[in-house]
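Before we start, here is the structure in question, set down as structure tokens.
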Amino acid sequence: MFVEKIQPRLSETNLAGHIGYVVLPAWFEQANEKIYRLFIPELGKKKWSLIVVKFELECLAEIFHDNKVTIETRVQKIGNSSFTISQALRKDGKTAARARTKMVYFDYQKKKSQVIPKALRQLLVEHI
Amino acid sequence: MFVEKIQPRLSETNLAGHIGYVVLPAWFEQANEKIYRLFIPELGKKKWSLIVVKFELECLAEIFHDNKVTIETRVQKIGNSSFTISQALRKDGKTAARARTKMVYFDYQKKKSQVIPKALRQLLVEHI
Amino acid sequence: MFVEKIQPRLSETNLAGHIGYVVLPAWFEQANEKIYRLFIPELGKKKWSLIVVKFELECLAEIFHDNKVTIETRVQKIGNSSFTISQALRKDGKTAARARTKMVYFDYQKKKSQVIPKALRQLLVEHI
Amino acid sequence: MFVEKIQPRLSETNLAGHIGYVVLPAWFEQANEKIYRLFIPELGKKKWSLIVVKFELECLAEIFHDNKVTIETRVQKIGNSSFTISQALRKDGKTAARARTKMVYFDYQKKKSQVIPKALRQLLVEHI
């Protein structure tokens, strides 16, 4: 399990006075960074090899700009060429949102999915 | 059914050369505007009365900055105090993403859900 | 002069009930697209060759989510390896914001500025 | 002087492989929070009373997702109903961007500027 602190931004508070749900995927993605790095050690410098095919978000409590936010990230399931990440967002200790992200190991050149190699699968298994 | 044209922004293209999935919720929310207005005719001026409790996103094809994007929005299901919106994002005519959003009719003063009044329910039914 | 229609997003309305100034640079960048394309015809597919070194924004009137927004874009000044773009944002016909962006023709490989070639300079001159 | 740590988000890296300038205003605004709180102690709960009329940004070096970023914030000038904030963004210790923001003390009800009261002015002076 990875734990990532998130910094809610002032500009992320919307009309209703709270952080809107449209902001949360970027937070959950930020918390996914260490998973991404298993696949792409030099994130931002090398070619990308993951693609998100499904993202599910459950909002359990309002989040405000001054809440202390952390996200816990686990690998939930590993398939042949895909895997699912399960995440919980805690505000001030309490679960305020949950997300599930299904990612496919993707060859951007050939524009198709590829089998996750054994070594990478092993790295994922450690974070189940 | 409502159809909304979306303008992909140059700044929404990420490292991988396409529009990242974290951008899409804001697009789907934009397309929800006409649904929101059934509840809040003077959007932005009156108090907010809806809250998103669930958001599911399926990505079927890469979206690029210069794609022509439209979103089709339908009401899918109406509960007692909640309803579900179903949306399809078309790029150049083809479905590239789908979203489902469950919204609760919410009293921000009392911080609890409220029953959808009959008149509002009737307006929602017209968009099933 | 280029004129670009901008679609304010519901999610871009902030706590104060209007579109915050932090949103505007993405709008002005969107309107710069046709200038960018003079340098990079296949935007998003080829290497990037421009870098913003200065951005000045003046906010003259509040902008709301349901305003009709267009941005007028002109080249203002052309230097040796840089040029300045001047833009006016109109809401419902009236100027609500102005921006000035100084861009440098940049070699991302060598990480240094490069002289704007004569052919490109000629294209810029047409939009002064 | 206030110093604020900023967390660059994975989703803020653009096509060119760095953090685009359109992202920076939200970072500088985040660093302005403590200034805002002098005016609006319960940020997000009470009515807003500041408006940005000018924002100037200078980009001195590329910023990448994995840079350590801090922003130093000072009050630079105090006028009758406005004041100017000066900020420096450091990445890994080195100045990578500078911003200047002119804010007006604003009455959103009457839609006009108001004189900064003596007590508030005194608070600002402490951060020059």
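Order as written gives the chain letters A, B, C and D; numbering starts at 1 within each chain.
Everything that follows uses one rule, which is that a contact is a pair of C-beta atoms (placed from the backbone, for glycine too) under 8 Å apart; a residue touches a chain by one contact, two chains touch by 3 or more.
Predicted, not measured: the structure shown is a model, and the values here were computed from it.
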Where are there more C-beta contacts: A-B or A-C? A-B
Same or different: at the subunit A/subunit D interface, is the fraction of residue numbers used by both copies above or below half? same
Taking each chain's centre as the mean of its C-alpha atoms, give the chain farthest from subunit D. B
Between subunit A and subunit B, the Cα-mean centres are separated in Å by 21
Centroid spacing, where centroids are CA-atom means, of subunit A and subunit D in whole angstrom: 29
So, in whole Å, the Cα centroid of subunit A is separated from that of subunit C by 32
Where in subunit B do residues touch two or more of the other chains? 11, 13, 15, 17, 20, 22, 26, 29, 44
Residues of subunit B defined as touching subunit A within the complex: 15-17, 20-22, 24-26, 29, 44, 48, 51-60, 62, 108, 111
Given the complex with subunit D, which residues does subunit B contribute to the contact? 11, 13-15, 17, 20, 22-23
Within their complex, state which residues of subunit A touch subunit D. 5-7, 9-11, 13, 17, 26-27, 29-30, 32-33, 36, 43-45, 64-66
